[in-house]
Amino acid sequence: MPRVITFGEVMMRLATPGHLRFSQTNSLEMTFGGGEANVAVSLANYGIDAAFVTRLPKNDLAQTCINQLRGFGVDTRHIIRGGERVGIYFLESGASQRASTVTYDRAHSAISEIDAKEVDWSKVFAEAEWFHFTGITPALSPKAAAATLEAAKAAKRLGLTVSADLNYRKKLWTTAKAKEVMTEICQYVDVCIANEEDAEKVFGIKASGTDVHGGKIDHARYIEVAEKLTQQFKFKGVAITLRESFSASHNGWSGLYYTEGKGYFSRRYDIQIVDRVGGGDSFGGGLIYALVSKKSPQEVIEFAVAASCLKHSISGDYNLVSLKEVETLLQGDGSGRVQR
Amino acid sequence: MPRVITFGEVMMRLATPGHLRFSQTNSLEMTFGGGEANVAVSLANYGIDAAFVTRLPKNDLAQTCINQLRGFGVDTRHIIRGGERVGIYFLESGASQRASTVTYDRAHSAISEIDAKEVDWSKVFAEAEWFHFTGITPALSPKAAAATLEAAKAAKRLGLTVSADLNYRKKLWTTAKAKEVMTEICQYVDVCIANEEDAEKVFGIKASGTDVHGGKIDHARYIEVAEKLTQQFKFKGVAITLRESFSASHNGWSGLYYTEGKGYFSRRYDIQIVDRVGGGDSFGGGLIYALVSKKSPQEVIEFAVAASCLKHSISGDYNLVSLKEVETLLQGDGSGRVQR
Amino acid sequence: MPRVITFGEVMMRLATPGHLRFSQTNSLEMTFGGGEANVAVSLANYGIDAAFVTRLPKNDLAQTCINQLRGFGVDTRHIIRGGERVGIYFLESGASQRASTVTYDRAHSAISEIDAKEVDWSKVFAEAEWFHFTGITPALSPKAAAATLEAAKAAKRLGLTVSADLNYRKKLWTTAKAKEVMTEICQYVDVCIANEEDAEKVFGIKASGTDVHGGKIDHARYIEVAEKLTQQFKFKGVAITLRESFSASHNGWSGLYYTEGKGYFSRRYDIQIVDRVGGGDSFGGGLIYALVSKKSPQEVIEFAVAASCLKHSISGDYNLVSLKEVETLLQGDGSGRVQR
Amino acid sequence: MPRVITFGEVMMRLATPGHLRFSQTNSLEMTFGGGEANVAVSLANYGIDAAFVTRLPKNDLAQTCINQLRGFGVDTRHIIRGGERVGIYFLESGASQRASTVTYDRAHSAISEIDAKEVDWSKVFAEAEWFHFTGITPALSPKAAAATLEAAKAAKRLGLTVSADLNYRKKLWTTAKAKEVMTEICQYVDVCIANEEDAEKVFGIKASGTDVHGGKIDHARYIEVAEKLTQQFKFKGVAITLRESFSASHNGWSGLYYTEGKGYFSRRYDIQIVDRVGGGDSFGGGLIYALVSKKSPQEVIEFAVAASCLKHSISGDYNLVSLKEVETLLQGDGSGRVQR
Amino acid sequence: MPRVITFGEVMMRLATPGHLRFSQTNSLEMTFGGGEANVAVSLANYGIDAAFVTRLPKNDLAQTCINQLRGFGVDTRHIIRGGERVGIYFLESGASQRASTVTYDRAHSAISEIDAKEVDWSKVFAEAEWFHFTGITPALSPKAAAATLEAAKAAKRLGLTVSADLNYRKKLWTTAKAKEVMTEICQYVDVCIANEEDAEKVFGIKASGTDVHGGKIDHARYIEVAEKLTQQFKFKGVAITLRESFSASHNGWSGLYYTEGKGYFSRRYDIQIVDRVGGGDSFGGGLIYALVSKKSPQEVIEFAVAASCLKHSISGDYNLVSLKEVETLLQGDGSGRVQR
Amino acid sequence: MPRVITFGEVMMRLATPGHLRFSQTNSLEMTFGGGEANVAVSLANYGIDAAFVTRLPKNDLAQTCINQLRGFGVDTRHIIRGGERVGIYFLESGASQRASTVTYDRAHSAISEIDAKEVDWSKVFAEAEWFHFTGITPALSPKAAAATLEAAKAAKRLGLTVSADLNYRKKLWTTAKAKEVMTEICQYVDVCIANEEDAEKVFGIKASGTDVHGGKIDHARYIEVAEKLTQQFKFKGVAITLRESFSASHNGWSGLYYTEGKGYFSRRYDIQIVDRVGGGDSFGGGLIYALVSKKSPQEVIEFAVAASCLKHSISGDYNLVSLKEVETLLQGDGSGRVQR
């Protein structure tokens, strides 16, 4: 069982029930999530030995988060306990033409105040073969950026494959700062994951003329983006999610995996959305699973896209689907017929 | 900040959760709503100084309703306290081919027993520039009709613009009675709002050949209806919502604003429905906002339709969307991408 | 009011809320359901004098189930009390490409240990004109199979019309066993109900070349299946549901009624699914209602399909729609416009 | 199985969850209840053939109420369908020093507009041996009073035993009106049930010096009240509930049954209250059960008090406890040890 | 209607349902509360013109908080919008021997970063006669302390009566810092409110020998504390709550009001607790109401204690009881009999 | 960190919300619990390395149970996957004089069909120092009894301390069978835990004259019982819980620990009950913790009783309290004052 390490922030997610607005509700649904925790849960679900590293305060809220992660089979023993608060994000789920809204309350979270020396990476990476993080982690704070850089370097030095999901977040940093920081860290990255906007926002690399809001997808342009990324950073692989946002309720979903000079596009799914938060992370989780399982490039992108297609039917950040469910969909059965 | 007054009934709305039938549930979701209250909440959301006038008994249920309205920023100081009961409507939300059902329990409500002299309209209308009501108010009872007429006359006399949403309700009165009463009141109306059926039911004015159940829309016929209404009542503007009812879950939605001899059609939206009750009222609220904001006719209808498009994604009667959200949709982004 | 008897298992249905997975929830929604109970509730809803026969233990869970059935107007006086447990099924409702999952916990249920002599069928069938069961009942256990056979024989002997819904369940028995048992029982059956797969799984009769997962429907092939069934068992009528499974959220739905050498296809509905469990049973309920109401073959299939179309908008196994709602849909109004 | 008929109003009960106030909640718990319906459910629970007669409109709310009553085993076939509305009462459950509040919305209910001729009492009373009503029924309206009087007369004429729970409600009528109407009806009554205040409010008969708010109970005075009632109306039995209201959370509970010149006091229970609404009705239900079961006077009052003691642990109006549970308490086990 | 101004922090309160621990729940109950907001709501409930001043960010969470406050009738027009976050506190409600736990997440809240100049106190205090704050406000941060001092000075200068609830919070500051800051601010205070521990923690003034955990109350010692406070600060009045903590479910509750050299003790209540958070604030609210209503010292303490006794039966921070309910309890009726 | 192994059944617990009866609810609260799992969770909470051994089928329900256990820090790696079903128990929580009811549906559970050879006890017990089981495990079935015996023998052989909670369950076996089986197994037991009834039911050893329902406790008699148990089985320690059942809402709670010829009684707690299921198990968990922590006999019984006192304030089987919370109570603070 290959061992994968992810590193980043896990937040408390407080969502209004159904499609209610904050002003309409007296209760919030409490789950937890965050880019790298989401990937760890995906991997644990598929049977990978996944460990998630973060920093969380010593309180009952953090403990509840940890309980759930280890409940889902994630190794939480390397989580650093310290700091003041668990980051929070508040979510209203949109529908039809109304977008979901995320209100962050994550400043001053424990991980944003991490000291790069708190984690003993050589211990964490022992017996591991893969390290994953997203562009959110270095965006949290200069301290978190320093810790991410140190982690990436250590992983590289220790022979792990390193993957990064660019995941640009405009509320956390500017494109200029993102470019500066990510350009340095990406020297240590082997596999790059991005959505339609990330490459442009972070590195100024564009899929020119593509209308990401309208949903038209032009395969040639995406290959061009992947090529440019590869050229700049010597990535072994670049994976791009192709989302067609028709509305908050209805999306098209497919992906591209580009490796060794060639692009592989997946089948495209037409999705009725239950919850799209964490969709990109579930793609990353599927991709890493497929790569550590030594699947072919076409299989890799098909697995990542099928896995993340299913995520859109799951409430919460974590992609709680089984390997068998992904495989059923891969074999062409997306009919949703009752399994009994 | 322009001041708008609305007058009518606000009811307790008791809805089954999700798509449950009454016989399946032990709990009901309690909100409040009613044509004119819904318009007032829309307007307050957009920053208008909106006051809602009604009559409600002195009990905790009525007080809860008032608390919510003033919570949403509506001026409730002119609400008359008296009478015996808060009107109620029970709602089951349909889905797919099953229609939503409304069971009214509104007879004998406080406002239906209003004495026209209880409201001092000159005081209520002080500093206001717009007065709005719907055809439901006069339909409640002869007393409510008398009060509506008096309000409309006073508004006219005091120089306010008067708008009326025809809103025919077959359970409240006959078409004959509606025609008689509304014909008199509409003498004092400047802007008329209607849906596909109202003009015919109330005034016998038809969009001949149109199949409202099937959803085909013939622009020329709607202009014809608007013209006839204008001719009969000298309306300054006529606004018509064009709903294509494919199912309880899926509608098409657009609108027409007709003024000074010309019709302006809006963009058409394809809607996945969360809750369509109050859809027409949110159109009225958007329309009044756009008119008091001195937008052009095309902008008026676009705003009213975009605002009410979003309402279909909101649970409850009130259209709890912000000006910014309407403007985002107006600028063409109905992609529902997560705002974070 | 014609009297109809159904016989089979009713289970406790424990479903996660919304689209949650078991690992995400601390509460389960408790309702009850089962093929023949579902048909009885449908019939009671349409005004038929429907009695449901089963075996349930003497405990509060069973009593709650009985209370609900008699609440819905089903005659429960012939239910045998005895045995150890109420069968249970656990349900996760899927969405989009993710299928709903059913986890059965029904072994050792009271009815699976029924002694064929416990029911006095001549008493149960007194004044009744129709007897209905599904292929699930004999699949439960050899004892249940014996009781079903005895019931079918008694019904036939006493002049009732007998209907059977093949309803093959692979977790309960093999196709070989199903063929053996059902071939014997079907000698006493007049009306056979099946879905796309049942005829093949139970009797090896195929709609050759049809892709049930893809959703293409070839009318000629279904007629061929109905003909073969009729030839083999001398059925007076064969009804087949035609489901196009696009996803767990979206299906096409229509049906075929074949009688006296001729096939009658219904109108086709495009359905946004709330809950499809019990969809087939609601078709059976509609079919029996239409047949005992002496409708024409075309009316029979239209009624059965419209009734079961509406079921897909109802949570839970039971099809809680009224005769009037079915008739509204039959008259062409599937627009879902609010009824007020 | 003796047959008992009860007659009165059943209302929708809409309660806030837990101890919330109306202004704090977005959902209400929907159950049904009313003095005579509550008695009928109690009796059905104990195995009596109980029928409840009322008048309810033809809508889904009324049907849900009927479904629940027949679910609990009450014969609902004599319910008259007609009228406009189901009466409603809104409930906030108090705690400690804060009293529960009931807001009635029952005016114009279907039964308040009953025509005395709508019920064919000779048919309803066929094979019955007991008729029960409360003072609430005649208090609803002159029409309801006329129907109650006619029912009581018919019951008497047909040889049934008639019981009445005085149940004075100050929001429904004055003490003067209550005295006038109840004095006439009580001529036909055999068994009178009252709480501490009823005898005084309705007939001016006092337990002088008793402090009902403070909770001191003086046995001699209660016997005096029972004697006076007996003298005035020739009652065969008078039953009085003795509630000591320490707070909304904590009550003492006992009772007196007076018959043939002698008073029998029950054991006294110290109660932690879950829901005390319907407490008096559950006493009436227990009393009638014990009387039709031919228990001795001491057994009668012990049964009635034990049954109603348990009611205080049940949410909702209906006393959903079994005969066995009452008997366990009668045998002295109020220890609340887990039954497993 | 006298006008009262309160100033402090209002937080989002996220509580587990019932008595659940964080690790047991997937949902949290969202309300809002904070010492001074709680007092403002109490006062608005009693008909006082109450305004609450705080600083809140421009987001939907803050807006929901404001909506609720203005819904309850509090004037929110002077709330400053700015800053980054709404303070949060997480609550688990204890029971029996298990204490409730509060986990604060309030650092960096908008009000803690207030600039004393952001509020124009002369405008805020116009036409007001009372200003109230608690020791929590200056404890939040040096900036908040500076703003509190400025507010108290301005209030004094403008002729308002100033009240302060000492409300020592050990997680916010040390006793040394509290003493330093509060000693300065208390120069401007007229009425001091404290619980058993505050005087000692903040000023080192002790009710020597009193066992606050055990619940024994020694009246003489509390008078001694009040006297010492009065001597040191020239308070016009000192009010002390006397809580006897038997368990998380059961408390004794009474109070002392000391003025002009004399102490007035209230009646003592025995309380079954629903929610004791906000109990002290509801005492403050009752006290201020009684003082601005010019009640006698004995009436003042009786009102404050009765009002706050009722608070313990209300979920949430706000004391949502009416003047009438307090008066009923003051008149001696704490029997909790159903009001109908 | 000492390692403790527990072995037994964990069931799905399906409870009605609040104090509702089955017939009143449409939802059930799903948690998990069982004597030995409950002990393991208690121990993990206190920082012990606790492993729980059972047999569970390969389905999502079992996986959810395992996820929760490992979430709470229990080592679940030795759980055997196999068999058909997860045992279930249905729970209605009583109140006041109404007892809680447990309806078992545990027959045929995976563990009842365990083959003694499926567990490799020498591997399970490696590095462990304590083994715990209850009398429920051997009562499940002869196979489960055989496995328990084998486990106890192995533990003894490998030098572990063995504890057994007698936990007699009359629905699982007769007293005769219990005596036979437990007499054999208890040869390998060092520490015996019992409640008031167990010693008598299982071994016929009586606390003569004690009225367990009434709640009177006679210390001398309990010591006599402990002595007799010790004499018969050479136990190193005997612990007895002393419950005074005043009602389902109110209990007295204390305990006796008898060792080396001397009895140690704990302090007695007066408890307002939230949930008493699992109370005995939490006593066992506290006892084992205190014993492996080498506390003195008086400390042992105080810890066990304080820990289990707190359990009564926790919903669900598991005693989710921290070491710190137990210690606070041990230090005499049961005042329930808010911790903030």
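In order of appearance the chains are A, B, C, D, E and F, and numbering begins at 1 in each one.
The working rule: a contact is a pair of C-beta atoms (placed from the backbone, for glycine too) under 8 Å apart; a residue touches a chain by one contact, two chains touch by 3 or more.
Note that the structure is predicted; figures quoted are calculated from it, not measured.
The chains in contact with subunit A as well as with subunit D are B, C, E, F.
More inter-chain C-beta contacts link the pair C-F than the other of C-F and C-E. Think of it this way: of A-D, A-B or C-D, only one pair shares over half of the B-E contact pairs by residue number, and it is C-D. Here the C-alpha atoms of subunit D line up with those of subunit E after a rotation of 120°, rounded in steps of 5.
When you average the Cα atoms of each chain and compare centres, the chain farthest from subunit C turns out to be E. Mean C-alpha position of subunit A lies 43 Å from that of subunit F.
Distance between chain centres (mean CA atoms), subunit B to subunit F: 62 Å. Among the residues of subunit F, those in touch with two or more other chains are 21, 23-26, 31, 67, 71-72, 101.
Viewed as a contact network, the protein chains are fully connected, with every chain touching every other.
Those residues of subunit D that touch subunit E in the shared complex are 18-21, 23-24, 89, 94-102, 104, 169, 171, 213-215, 245-250, 276-277.
Considering their complex, residues 24-26 of subunit C touch subunit E. If you check the complex, the residues on subunit D that touch subunit C are 67-68, 70-73.
Residues of subunit C that touch subunit F in their complex: 14, 17, 21-23, 25-31, 59-61, 63-64, 67, 84-86, 88, 90, 92, 101, 103, 105, 107-108.
Taken together, the subunit E residues at the contact with subunit D in this complex read 31, 71-72, 269-274, 309-310, 312-316, 320-321, 325, 328-329, 332-340.
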